[in-house]
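Notes follow once the structure below has been shown.
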Amino acid sequence: MIKAGIIGSTGYAGAEIARLLLKHRDVEIKWLVSRSFAGQNYEDIFRNLFELIEKECTDINIADMAEGVDVIFTATPQGFLQGSLTAGLLEKCRFVDMSADYRIKDVSVYEKWYGMEHHSPELLSEAVYGLTEVNREQIKKTRLLANPGCFTTCSILTAYPLMKEHMIEKDSLVINALSGVSGAGRGAKAANLFCEVNESAKAYGVTSHRHTPEIEEQLGYSYGEKLTVQFTPHLVPMNRGILATETAKLCKEHSYEEVRQVYDRYYKNERFIRVLKKDMCPETRFVEGSNYVDIGFKIDERTGNIILMGALDNLEKGAASQAVQNFNVMFGFDESEGIDDIPMVP
Amino acid sequence: MIKAGIIGSTGYAGAEIARLLLKHRDVEIKWLVSRSFAGQNYEDIFRNLFELIEKECTDINIADMAEGVDVIFTATPQGFLQGSLTAGLLEKCRFVDMSADYRIKDVSVYEKWYGMEHHSPELLSEAVYGLTEVNREQIKKTRLLANPGCFTTCSILTAYPLMKEHMIEKDSLVINALSGVSGAGRGAKAANLFCEVNESAKAYGVTSHRHTPEIEEQLGYSYGEKLTVQFTPHLVPMNRGILATETAKLCKEHSYEEVRQVYDRYYKNERFIRVLKKDMCPETRFVEGSNYVDIGFKIDERTGNIILMGALDNLEKGAASQAVQNFNVMFGFDESEGIDDIPMVP
Amino acid sequence: MIKAGIIGSTGYAGAEIARLLLKHRDVEIKWLVSRSFAGQNYEDIFRNLFELIEKECTDINIADMAEGVDVIFTATPQGFLQGSLTAGLLEKCRFVDMSADYRIKDVSVYEKWYGMEHHSPELLSEAVYGLTEVNREQIKKTRLLANPGCFTTCSILTAYPLMKEHMIEKDSLVINALSGVSGAGRGAKAANLFCEVNESAKAYGVTSHRHTPEIEEQLGYSYGEKLTVQFTPHLVPMNRGILATETAKLCKEHSYEEVRQVYDRYYKNERFIRVLKKDMCPETRFVEGSNYVDIGFKIDERTGNIILMGALDNLEKGAASQAVQNFNVMFGFDESEGIDDIPMVP
Amino acid sequence: MIKAGIIGSTGYAGAEIARLLLKHRDVEIKWLVSRSFAGQNYEDIFRNLFELIEKECTDINIADMAEGVDVIFTATPQGFLQGSLTAGLLEKCRFVDMSADYRIKDVSVYEKWYGMEHHSPELLSEAVYGLTEVNREQIKKTRLLANPGCFTTCSILTAYPLMKEHMIEKDSLVINALSGVSGAGRGAKAANLFCEVNESAKAYGVTSHRHTPEIEEQLGYSYGEKLTVQFTPHLVPMNRGILATETAKLCKEHSYEEVRQVYDRYYKNERFIRVLKKDMCPETRFVEGSNYVDIGFKIDERTGNIILMGALDNLEKGAASQAVQNFNVMFGFDESEGIDDIPMVP
């Protein structure tokens, strides 16, 4: 039985990790850390877990905590883990980090986009970027897992095979992505009140969203060269879901079948990536609550572009269930243990 | 391995039964019947199940079908099963019926409220009303299970202990219930279009909703006498959920603890009924996607009334998961097999 | 041209008053007070009013302000106005107060339900409760208008004629009301985040909601005796709207026509109260954005109860547009000036 | 007093025209045509208009109808008007058509994208494309107004000044647009049920949406050459609203101020086009219920792209209120008569 702790357990991603670990046959949750709710019953805050998790939230003491568990999940703000983690702590237990702290290999890029100093850059080389389907072999061996962002997971997995195969022009990718509101977190901000968000849509973080360099770095690895993408996120009134619509210039004419074969080559054996049938467009409701990514595409012969579409649940494959998937790989469990929920409709 | 068939598999309740049975370790789905979608791939209609159920919908032939399976779930319109079922069919396989056809013991009441003739009244005595927590022992032995309605399950379980113990005045119950839109089904009706329902609330079926006699009959059994309730359902803009708020006159003054003890006596050992802590009001989001019923109550000393509140998911405990719960009891499986999903937030 | 100021102009009700006054032919908005947003452009906060109101929010200085305007609208928290208002200020300008400070005539009831001392009880006798259709004559003459709450306006107007005519039993009224989320205000509370409220329904303030004594006091005036009601509010996921479903015991049997005649007698000439046709149930979407109250009712011969239903927009007839309606009456303008918006569907 | 008739008055756009004309000081609605609802009271269908429009829906007889009115608004399916209209009818009254029948000057393009024959191509030369701010002078003189589509109005007005000034590369425009559900109409289609649309997002009509040739034709006129755009529409769960996010390659480096000056030159005096302040992104809620288009933009120096964003209400500036705006221009009324509603928040 693996012992796990969660820091940042009262945010949406942290709470979802707790719910998933509860279902995991080989994990015992030892403690749930929350600064703001320390001393309160977890089940009183997340009443979906009423009678299921009967524990108090505890305040943070990362050194002590690392002693008693095998793995720590950190669903914490940017900067927390890179400011706390040491080589010594990594000797004691493994970390699955939901923040961006160890996602970007280039420290200067991190420091520029996140506007803060990185306090443990020496650990970056050990960190593995946890896009499971892409980096599975490295994930098996790491002690420090940098779990990808929600927009990034969706954007990258949708374009990855075509980028890797140089089928689309390197700098032509225009990514317009839609996100449900849970991506904005559980903090009490007026901008995320029901009445501020409901019945409306907007773009935000235009030209400046922090998932941009993460997408660019990873797709650059796939392509084999540095590249840029034009990434524009939008907020739409739903709880969960990411939909990425990616427009790219095809390097040359391709038939549906040719593109399809490439996707199948990469993803046919991936349980959690479903390439849809011809002419089907992914919808976020069909992946909600699950670890699935649904992908579709359409070639536009008029313009020479290909439109790629990917959908996932931002709190699952975009956060918590991918974290557990990576944890499963790191600890040698069946990759789908605890995260085999089937989306429900409606 | 139990073989199961589902008639009416492309409605919301039927599809939810399919999804739950897919997770059930002892069930194999043999066929999925849908008149409207016969010949189409089930995964093309319910793309949440893409790559998970690879079967075509079939047209209906109940006699042949009963030969090849152990149980048939009918998620069909009122009148279908009572017009098709025979003693002979019941010899071949067991039925779990989601419609009202065998819920009401008094044929004249059925015929009056549903405006149709009952064609198999001789089977009514064998039918068991599938409120699992109330009728568990009879359910074990039946071949014909009448699965309760969504409003009724919520309304009855919330009031049952107090009614049974004669703590509230017999005819004083005023039930105001809210329902999500999935309760209205998946038929193409203009009244259920997004833009007709979103951002609005209304009462409907006032004084005439068909769940009224079902609530009255069952609560009458609990009380030991016939009784009436004032039941007013409302439609609110959410996919799933029933919230029943029940106002009743207390027969005499009671403390919180006295009422609490009664609830605990009935429900403490029930896995799927959660009586909340003092002053907590149930919220539908905390039971969504699960078989739970959450119950709370509040005594008003000013008025001598008690306010009871119950919440469930209309497609789960109000339909599909309770059907599987009953199926589990009928066939001797662990009662929670296939229906142990934990609600997720948000 | 009447000069008006708004204190609390950056809450939902305050902003709605601003929007309505902007359309009013005889009003000029002199200043918009907001402590939290002082110094910011109003159009930057409420971008629906971009290019329409080009003013900065100012900090509060009620004495100076009263000098320069004819009327002050206060959309402020409970306690603000009763702690600031004096007979001297009332000499300078008239007040339309959206809070509960002067709604309840019995100071002890106010102090008990609101948990605060009342600092200007001497002004209570002058205050008029601004249910326009009920108290129009008194409103014409007052300098201090206590604008009713949203639940109360809906609950009272729906039951008023039958209560006044003693057609329903005095203490039998069970009011279950639904509210959109804007009723909870624009403050940054986690409980009102989109993801905490969306896709869920709950009762709240059960047995303790502060609109209870207001409803009881006013309906008691109508009936001619003190009475109690059982009032249970609910939160449902929509921006705007109040729906009140009121169950009452009829004193004796009545036909539809008899009850209808009573409603017509009271409301036929009221522009903003629409008694619907037989069997029509009000829906909040049909009054959204307008000053209308839609009312329907249904007699249940089985139980001897009558079900009354009323719908209004909590920010309009339940707050801002009724405030402007009262202002129009106070200053002798056409009662519908500035508030004649027609609800739009969807 | 202008006499007007509406054909297709029970769809969302038709009903919105009725509501707007009701507020118009110089218009009298003579008849409301609806095949499906002929003989029914209009106020029973659109109960927002209860007591405000007391007319029965009539069946269609376009020849007779044209005799008695000055203008006919057709909110009808594609193909209706081009199959009914004749030069003779145009002698009798003027037409404002909401369909695409006369929007596209090139008949072969119309026939290809709409899959139907055009029966009155001889009238195309007389038809004026009703983008008011672009074609105002021609609109003044026309008898046949082709009112633009919702996506097209938003997409074109957002890009128009930069396209006209050749500031962006001709074929580089990637338009990703989001639409509320009312754009799908009021027909009883299962795909538009609340539970099929709520809590989900999807792209649709990818590479094949019929607004594509309309955008291309009009932007081609602006640019002075034929061009192509990559247009991908999405459905998001809200009643109303279009948000267009347009990514284009700048022909050369431009500062914010340079681009801003161009927008100001074209739109500064346009009442209904609001170019937002620097760094502000339009949100659909801030234009809902109004004739406004809100526009913002952001230059990305990293990529050399400019991101343009436009928001409007698909039923207003994207349909009904623009139709009335065009009607006002055609008949010489103040352009804002009847359509000066201010968006309300929330």
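Things worth noting here:
Read from first to last, the chains carry the letters A, B, C and D; within each, the first residue is number 1.
Keep this in mind: contacts are C-beta pairs under 8 Å (C-beta built on N, C-alpha and C of every residue); 3 or more make two chains touch, one makes a residue touch a chain.
No experiment lies behind these values; they were computed from the predicted model shown.
In this structure chain C contacts its sequence twin chain D using mostly the same residue numbers, the overlap exceeding half.
Using CA-based centroids throughout, the chain positioned farthest away from chain D is B. Distance between chain A and chain D, defined via averaged C-alpha coordinates, is recorded as 38 Å.
Chain centres here are Cα averages; for chain C and chain D they lie 37 Å apart.
Note on chain placement: the centre of chain B and the centre of chain D lie 45 Å apart, centres being C-alpha means. Residue numbers of chain C whose C-beta contacts span two or more other chains: 12, 182, 195-196, 198-199, 237-240, 283, 285-286, 346. Listed in rising order, the residues of chain D touching chain C in the complex are 12, 15-16, 19, 22-23, 44, 46-52, 182, 199, 239-240, 274, 276-277, 280, 283, 285-290, 294, 341-346.
The part of chain A that touches chain D in the complex is made up of residues 171, 174, 176, 178, 195-196, 198-204, 206-207, 228, 230, 232, 234, 236-241, 243, 245, 247, 281-286, 288, 298-300, 302-303, 305, 307, 309, 311, 346. Those residues of chain D whose C-beta lies close enough to touch chain B in the complex are 12, 181-182, 186-190, 192-199, 237-239.
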